[in-house]
Every structure is written in C-alpha cells, then in structure tokens.
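First chain A sits with chain B, and in the next complex the same chain sits with chain C.
Presenting the complex of A and B:
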C-alpha cells in the first residue's frame, strides 16, 4: 500500500515537473484578421477560435481590432493551425503576435529555436528571456503589403522558411 | 441508475444547446426582452407591437452599421407617421461611445443597449452572427424578413393601409 502511494506521488511529481518544464508551447496569440468586410462585425472568427479544443478563451479589443486567444497549458497549437482556423471563416491574418516561453534562450538574429510547436528563426536580437512576444513574419501571417515590403528579409531567410512549420519571427 | 442519470444529463445539455443556438426564424413572434434605452429607461421590445417594427442590431465600432444608420435616419423620418417603428439594439460595451454615435448619426428612433457584444442575450436570442443585422416584424409581431431591403419595408408599410 505504502509503495503504491509512493509511486503515485512520484508519478504526480514527475508529471508536474514535466508540465511546468514544457515552456515550448504558445500561451497566447494576438490576431488581427483582415478581409473584405469588417472582421469584428462578424461573430465567425470568435466562434471558430472558441471551438478549438486547445483554446481557453477568446477576447476582443475593439480599439485595436485584435482577437486575443488564450491557449490551454501544454497545448500543441502551431501558428499554422491558428492561421487555418481564421482562414476557415473567410478572413485572413493581418498580424499574429505570439506569447511563448522559450526558457533561457538569448535571442539573436538568425538564431534557430526548435520547439514542438514549430521551428522559429529570429530576425532580430533581443535581451529578453522567459516569456516573450514575437510576431510571425511568414507569408500569410502579415498583410500582403507588409509581406512585399519585407522582400529583402524574406529572401535572406527563404531557404529556412521553405521548411514545414518553420516561422520567421521578430521579438517585440 | 447510471443510464437514467446519463439520459437526464443529455437532456439538460440538449436544452442548453437548443437555447444557446436558438435563433429567430421567419414566422416567429417578437420576443419580450427588456433593455435600457438611451434615457436609462427599461423598455420592453413587445411594447412596440401593433406597428411595423424593424429591430436593428448595431454597434458604434461597426463601420458598416454606421453607414446603414445614416441611410436609416432619413428613411425613418419619412415613414414614422405610417405606423413604422425602428428599434436599434446596440451591443456596444461603452455607453459613451454608443451615445456619441446616436448623436452623430442623428438617430431619432428608439435606442436600446445590450452591452455585451455578440454574447449579448438579445443578440443570441435573435441569432445575430454579424453586424448590422435587422429583423422586420409585421403589425401582429410576426417576423417576416431578416435583413430586409428598403423596398421590402416600404411594401409592408403600404400593406397596412
């Protein structure tokens, strides 16, 4: 009996450590949607995001036209999954800012960080560690206009971003 | 025992879902909802019954709604003497912005507020999925059209005579 108790405590402790250590997932995503019609005037995006099993809550900021998606702990959401979810409603991503804890990573330009949610390549240096906010710069994650504007940057990292689930990110 | 429990749970869930996703259909009656107007008076939607009623869901931050408002203001003026009533229901969460919009758009018809965005009870009850959304009721309080054109409204007004 004692043994079983000890075992379960050990397992629980292990699970706890494992879960708190998994600072790899995206905890929050701030999304601006664009389209032919007013994105905030439709309940579709809100509903679609809320219907995702990994989503804890969705709130909207009407001043910045931003949907803030809070994700559950230990989720396996990738930026692509979020993008596809929004696109299902007939809108596009105008901007996606992720909050994620990369742990003790010192952010530097050209640095590649591999995480279960994707491979991230930084385009800038930053002194921040722990939970950081990053904007995804890939095609389809910014407006067409902004994407064109960043042609030079995109060309520089083209080889890397051609890989699946690989994201060019800017620490902000 | 377990089975009957499960059954009851399923029923409860079903009723929750059917009310949550319930939305007004053509032929349904004008619901009785009480909301505050822009003079802080509680108004029952059914108190308008007897006239042709257009229930118009909007918000101050919704650009297409504001465009529609500017069209509706003179339209209402033209037909208000002919048993026609417009009731605006705003889902604004900021009352100041709501009031400013009413003034700016020169809206003279009834203005109610349900300050909870798409989660507003009235919006859920009507099944509002986008803004603006409007619902046309005839003099018996029966829903005859969703997002009617001006022509449809005029036709219904002319029918009374």
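Presenting the complex of A and C:
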C-alpha cells in the first residue's frame, strides 16, 4: 500500500514538473524574411520550415514575406534553429517575434530568464504573465538598418549576447 | 516532327525564383540548400548560311549549401545531321556576399565552368555552353529592388581543342564576356496565393570580345517567363544579334527553357 502511494506521488510530481517545463517552449514564431519578393522564393522558405519535425503548420503572407510558424508541443526549437532554417534557403531574417509562456516571471529591464530553448534578457519592462510575445533583437534577427539603429542598446548587452543561445528580447 | 516530340516531352521542367531568374545568365543568388533542379533548354538557331539547327541541353542542378551550387549539363544538337550528343559541362557557383533587406538584396558570386565538346570548330565565336571544349570563370552581381532585378557579369572564357578537332591557329582562343540583365515582375500586382501565375519580362545583353584580335559581338535577348503554382517555370526567349565582327554559325535563335525544383532532397 505504502509503495503504491509513493509511486503515485512520484509519478504525479514528475508529471507536474514535466508539464511546467512545457510552458517554457516557443509555441509560435512570426518571421519576416528579407532578400525576396516573388512567391516562388517564399515557397522555398515555406517548404523548408514545414520540413522541420517540430513544426505543426506554417502560414505565409506573400506580400509582406511573413511566415507564421506554429510549433508542436514539447518542441526543442530555439531561435537559432529557426534562423538557420531560413538562412539555408538563401535568405535572411528581418524580424522574429516569438510567443512563449515563461510562467511567473518578473519581466523587467535586464531581467535574465533561462529556459531550455535559450537564455533570454529583457530590454524593457512588462506586466504581463502567461504567454507573451517577444521580439528577438540579436544580430541576424533584425534588418541591418534596425541593428545599426539599436547600436547603443546592442553595445550595452554585447557581452551577454556573445554567449551561445542567448537572446536579447523586447516584450511587445 | 521528332524534334517537336522531344520539345513536348521536355515540357516538364519548372523553376523556382522569379524576376532575377534570367534565361541566359545565372544570378548571384543560389538555390535553397539541399534542393535539386532539373532543367531543359531547347533552342532553334538560325544559321547565317541558311537553315536551322536544333539544340537540346538537359541540366541537373544541386544546391550544395546556402552558398554553393553545382550544375551538370549535357549538349545535344543536330549540327552534324542527326540529333546527337556532343559534350557536357560542369558548373559551380559560390555566393560570397549577400546584403538583404525587405524585398531587396545585393549579392555577389564567383563561378566557373569546364566543358568538353567533340564537334568540329566552325566559327570564331567561343561558346563553352554547347560548342567548345574549354573553361570559363567569372563574377556576377545581382541587385533586387522590389519587383525589379538587375544582374551583371564579367568572365574570362578559354577554348581548347574539341577532343580530336584541333582549335584553329588563326582564331582567337580566349575571350572576355560581359552581360547585363534586367527583369521585372509584371504580374501579380499583389499576391493572394501560391497558385497565382507570375509573369516576368526580361531583357539581357550578352557580349563577347576575343582577346587576341579585339573582334566582338553584342546580342540582346528579350524574354517572357511564366511561373505557375510557385513551382513551374517556362521561359520563352529570342536572341538577336545587335552587331558582330566575329564569324558565327548563327546570329539569332529562339529558346524555350523549362525547369523543376525538388526541395529538401539532400538536407
């Protein structure tokens, strides 16, 4: 009797931990690609994103080159993996907005949050909880023009973003 | 009749890309990494001394990675009577610079080609794409601004002996080539789906100058391109000689080119 109870408690605890971990994944990514105009180029990106095992679906706006990528539950996708996927097709990223649930986190400037999908550093304050939308500001995730404009901000966090899988994000 | 049949059979290649997918030249951009394309070029050349020749060039293209592309082409024509295999070519392109923004880019690539051909050499014009054994190496720059693409290339081309046929001593065996291509996306004005047919209009200028004697030619190639279902591409082109003091078998030709790309094959 005691053993069964202990087992159930352990299983329940494991399930609880596992389910809270799933909240740290990226559930959606809205990507604007650069370097293209025509629908065939968009098709190349569309097919490349769809070929990723962790991708549930992709919806494309052919006029703004925006790809809304819905990811499967319990995915191991990081912003870098998405960037690689687009760059493989020969194009680049102009904007990446992620939808993630970081749980009960105080979103404040300089706040660092570590999750399986990466380390995130906020550049602004936000009073939201639950799933939030954040834009990635690292080099290669924004247009060159945008990156130059944010030079001061980038310099401030240069040391942190030099680390692997670390992203500067702005809550939007 | 036989040729019409081949033409119809080869109506099965399609291509990706749009206003910078020029008919006669390659842009500085690449195919997506891991994709494989098959292409077929059908050409009818109007010989200067009367009559026509038919050329058929099947090609396989591979996007090795985001910066490297390799093509293999076979040459067939009926210059010597029946349609027969004349030679082949290997081409590689490396994109070494890319600066992208919304609906625009500027790219630079270097390329090289080696070709083999076993036909007799009957003209001064050097053409490693179907007429001469030899090699070519060059640079190409492409600029995309919204619906317009401009591409320019410069290359060095060297003809060698066509296997058993010696290259004539009294002809120039190397040349500089220069091209300028402009393409415009005409339709649709605004996208509603991948299934819409895209129409591109292009005009290309192709020039060659023989190094040893300074003789040169300049051609203009207007073309119309249809992209169906964001998968299939059909090019219709007419190549017209503007001027030439180089001896050429044919000064003008018509061309139909078709291409199809399989995505994510090797990645």
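Convention: the second predicted complex is superposed on the first by the 142 of 172 C-alpha atoms of A that agree within 3 Å, B and C clash if a C-alpha of one lies under 4 Å from a C-alpha of the other, contacts with A are read in each partner's own complex, and residues count from 1 in each chain.
Simple rule for what comes next: a residue touches a chain if its C-beta (ideal position, glycine included) is under 8 Å from a C-beta of that chain, and two chains touch if they have at least 3 such contacts.
Just so it is clear, the structure is predicted and the values come from calculations on it, not from any experiment.
When the two complexes are overlaid on their common chain A, residue A:92 makes contact with chain C while staying clear of chain B. Between chain B and chain C, the partner in contact with more residues of chain A is C.
Once chain A of one complex is fitted onto chain A of the other, the partner contacts of A:140 are absent, as it touches neither chain B nor chain C. Looking at the shared chain after the overlay, A:103 reaches neither chain B nor chain C. In the superposition on chain A, A:62 contacts both chain B and chain C.
In the superposition on chain A, contact is made by A:42 with both chain B and chain C. Residue overlap on chain A between its contacts with chain B in one complex and with chain C in the other: 37-38, 40-44, 46, 60, 62.
Interface of chain A with chain C (complex): residues 32, 34-44, 46-48, 51, 60, 62-63, 65, 87-92, 94, 143-145. Contact residues on chain B toward chain A in their complex (touch as defined above): 59, 61-65, 93, 117-118, 128-132.
By the touch criterion given at the top, residues 15-19, 29-35, 63, 65-66, 95, 98-105, 144, 146-147, 185, 190-194, 196, 198, 227, 230-231, 233, 263-264, 267 of chain C touch chain A in their complex.
Residues 37-38, 40-44, 46, 60, 62 of chain A touch chain B in their complex.
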